[in-house]
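Note that the chains are named A, B, C and D in the order they appear, and that numbering of residues resets to 1 at the start of each chain.
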């Protein structure tokens, strides 16, 4: 009898073990190394696709600690390696207590992660095509489903409002907090005389949004030139329904990365 | 005597066999594998030339069964391989009876092949340059002989007309049928807030038409900016006469494909 | 004595032989093979720089026979090899008397060489940026010294004038002769609904002129958008003085050609 | 005792030697070879990034002699090698007393170095995007922090003013001096019907300024089209504060250079 019970239990255990991956409720968090490697890839993709120039950056919230984020501390995005990635806290200080260091504008990331528990990835870019909109107050509107998130509205943040004459950078916590307040719940904001910030619930999404924010700007500019004010944009409800995940784009952009020495933006 | 007749017949047979390729009335249909391989090449060409982004697709009517078409079921066009190609019926279901799967918008292809017996290849793209036209109602017109087919007229299909607020995709049969009805007998239609579809009697032709639809849009935009309404387009009769076959373009684009890892669109 | 004279003569001969390259009055004509190889390179340069698409061509007057020209008979410019080059007469027939064959538009070349004894190289292109000018009658004007030759004036030829509804091609001698008459003594003419032709006294020059004709069109378009009619172009006398030879450009473009499989235009 | 003193001194010397790099007050001047190698790299970067075409050039003031500068004497920037670099004096004559030779426009460099003791590097380019501004008198204004130096004002120099009809080149000392006078203390000037000159206190800075001068022009053009006169540029004080050093850009551009045969501008 005991033998039979033991056999049954043994067989049941084997069945459970075999079925375990199917039964798991939530995926295990990405390992720190895997997260860092993907972040490096995202840097390279954004440089290769002309979204990030030598300056600008991309970060992710740490999978291991919600109150930290991972961001390169130095270097052009095209050249970032895993060794450049530093873990920061909400104050944009290295989480290991070492002296404050890194990109002057790491405060963009720190303050956005602090203000937005839903945000898991942030891009700061000088994407060229948005500058005409950032500097004229003409509102970005979604031209198509690939830039659906623009339907949320894209506010323009101007350092001058509240901070007077600056060097245009978001280089301290007060500026970062003001930017987060202006962004509110939305995906993206433009920075007058500077560029843009983009947020998303994942790294692949933030890369796709940054790319299509930039492309949408150029297409909207052309549409407005073609027909004055009479352009049909996505309706707000259409924009919400048209949400994309950009996974296929990520795969193609990753495969397009040059092997060996990275290529810069064109 | 019999020997002589037999000899004459034998010689005549040999002559006929040798001359057969010259004498054949219709070319043998392309083999399924050759068709699939060319379709994969077309995917890569359209990605490399910036016509297809990570999304969008190209298909061909099956050479073996007129009522079926071949289309990748997953993946960015730049990365499609022969293993991704699935054979579908007019209902955009896998022809082998397995469960429905594939691109959400395979219905574009299924309904166009159903409605258009003359169409042998279809492209669905988010070609950037056409979006300003798709969203303003400004009619595309043929700027030159390379985009001769635009002379047929390029209607604009809008999901909103008949279907209210959608996610902008052609993701079911009713939407696909409405699109086919709007397209009528023409080569191409624009999709408001989305992109375009292009049809042709062959794969090489559909690739060329998609490329030149996109380029024509940009050149027409520039011409209209240069001289307001006073642009001379191809006359309808000129457009009909100017029909191209794009074979030289196909050869050049194919030779331009990167070896090894495919390059994405720029 | 005889020995001394012989010695003197021998030494003199050696001196003359050594000095011969310096003393020659006119350079020996380029060998046929060298001319063909350079023509193939020109095809590849023009494709790689986006001046020629899969269609369009470049030719040179034969160094061995002024009444003949060398032109590829088939294939996209990116893929042309020495084996494709055919020698034609002014009637655009193969000079070796074989049956008429080659590009439909070889008559552009034949008639231009016939009409213009000064012309040693011809390009026919569908250079995109000139199309808005070709279709609007807005006159191309020289924006800078690199496109100095535009100061001669760039007439627009339209098949419709004299030939009614055509397929837009210059595909016979009468059309070619009419084009040559419209071009007159100038470097370049635009073809309404089609593209352009460019002529020059050398191959390197015609390649440079074609490239800068295309670029000048885009820059002039932008200048006109920026300031309406108030654009300062090169004065006719400045344009004449600003003549370039494009040798450094040729060297750079040649070095930029991809090794192995040719890259197509972007 | 003497032994102890000697020991202490020896140890102290070793400590000082070890600490020497940290203690040095001013960096040793760059070696001539290192300066030449970096200048060659700058040539290649500017060609690869589309700032310099086959013509145009970049120079540096000699680290070994303030009254001399280093500039290639021949060749397209994409193809310049160390062997092409010549050392010139303020009269744009080779400093070693050999016969005058080199680029026709070396006088741009000679006269700018003579007039501007602060300038350590000069670029002369035909950067396409500035031509519409150079030819219309529309003032370039800084769109963002990356082109902060435009806030100094960018004058337009026209050979015609004082020199009548010329070939548009700055090909002698009087023209070079007039250009230097027009430039004054600023970073950059446009040349009507020609291009631009850019100056900076270092090579990396002049490369960055030339790149962003060109990009700013295109973005400003688009902004002006979007909103007429109502564009917000950097305030003069913002521009001064926003000074960049472009080091990260230099690193990315250098890493992007093709290995082997150099790529030309696109």
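Please note the rule applied: a residue touches a chain if its C-beta (ideal position, glycine included) is under 8 Å from a C-beta of that chain, and two chains touch if they have at least 3 such contacts.
These figures come from a predicted structure and were not determined experimentally.
Of all chains in the assembly, none touches chain B and also chain C. Note: the chain lying farthest from chain D is B, by mean C-alpha position. Copies chain C and chain D of the same sequence differ in orientation by 90 degrees, per CA superposition (steps of 5).
Judged by shared residue numbers over all numbers used at their interface, chain A and chain B contact each other through mostly different positions, with under half in common.
In terms of their C-alpha centroids, the spacing between chain A and chain B amounts to 35 Å.
In terms of their C-alpha centroids, the spacing between chain B and chain D amounts to 49 Å.
The set of chain B residues touching two or more other chains comprises 225, 266.
The touch graph of the protein chains shown is a ring with every node of degree two. Interface note: chains touch in the pairs A-B, A-D, B-C, C-D. Within the complex, the chain A residues that touch chain D are 47, 53-55, 75-79, 126, 128-129, 131-133, 135-138, 160, 165-169, 192-195, 221, 224-225, 261-266. Residues 49, 142-146, 215, 218-219, 222-223, 225-227, 230-235, 237-238, 241-243, 246, 248-253, 255-256, 259, 266 of chain D touch chain A in their complex.
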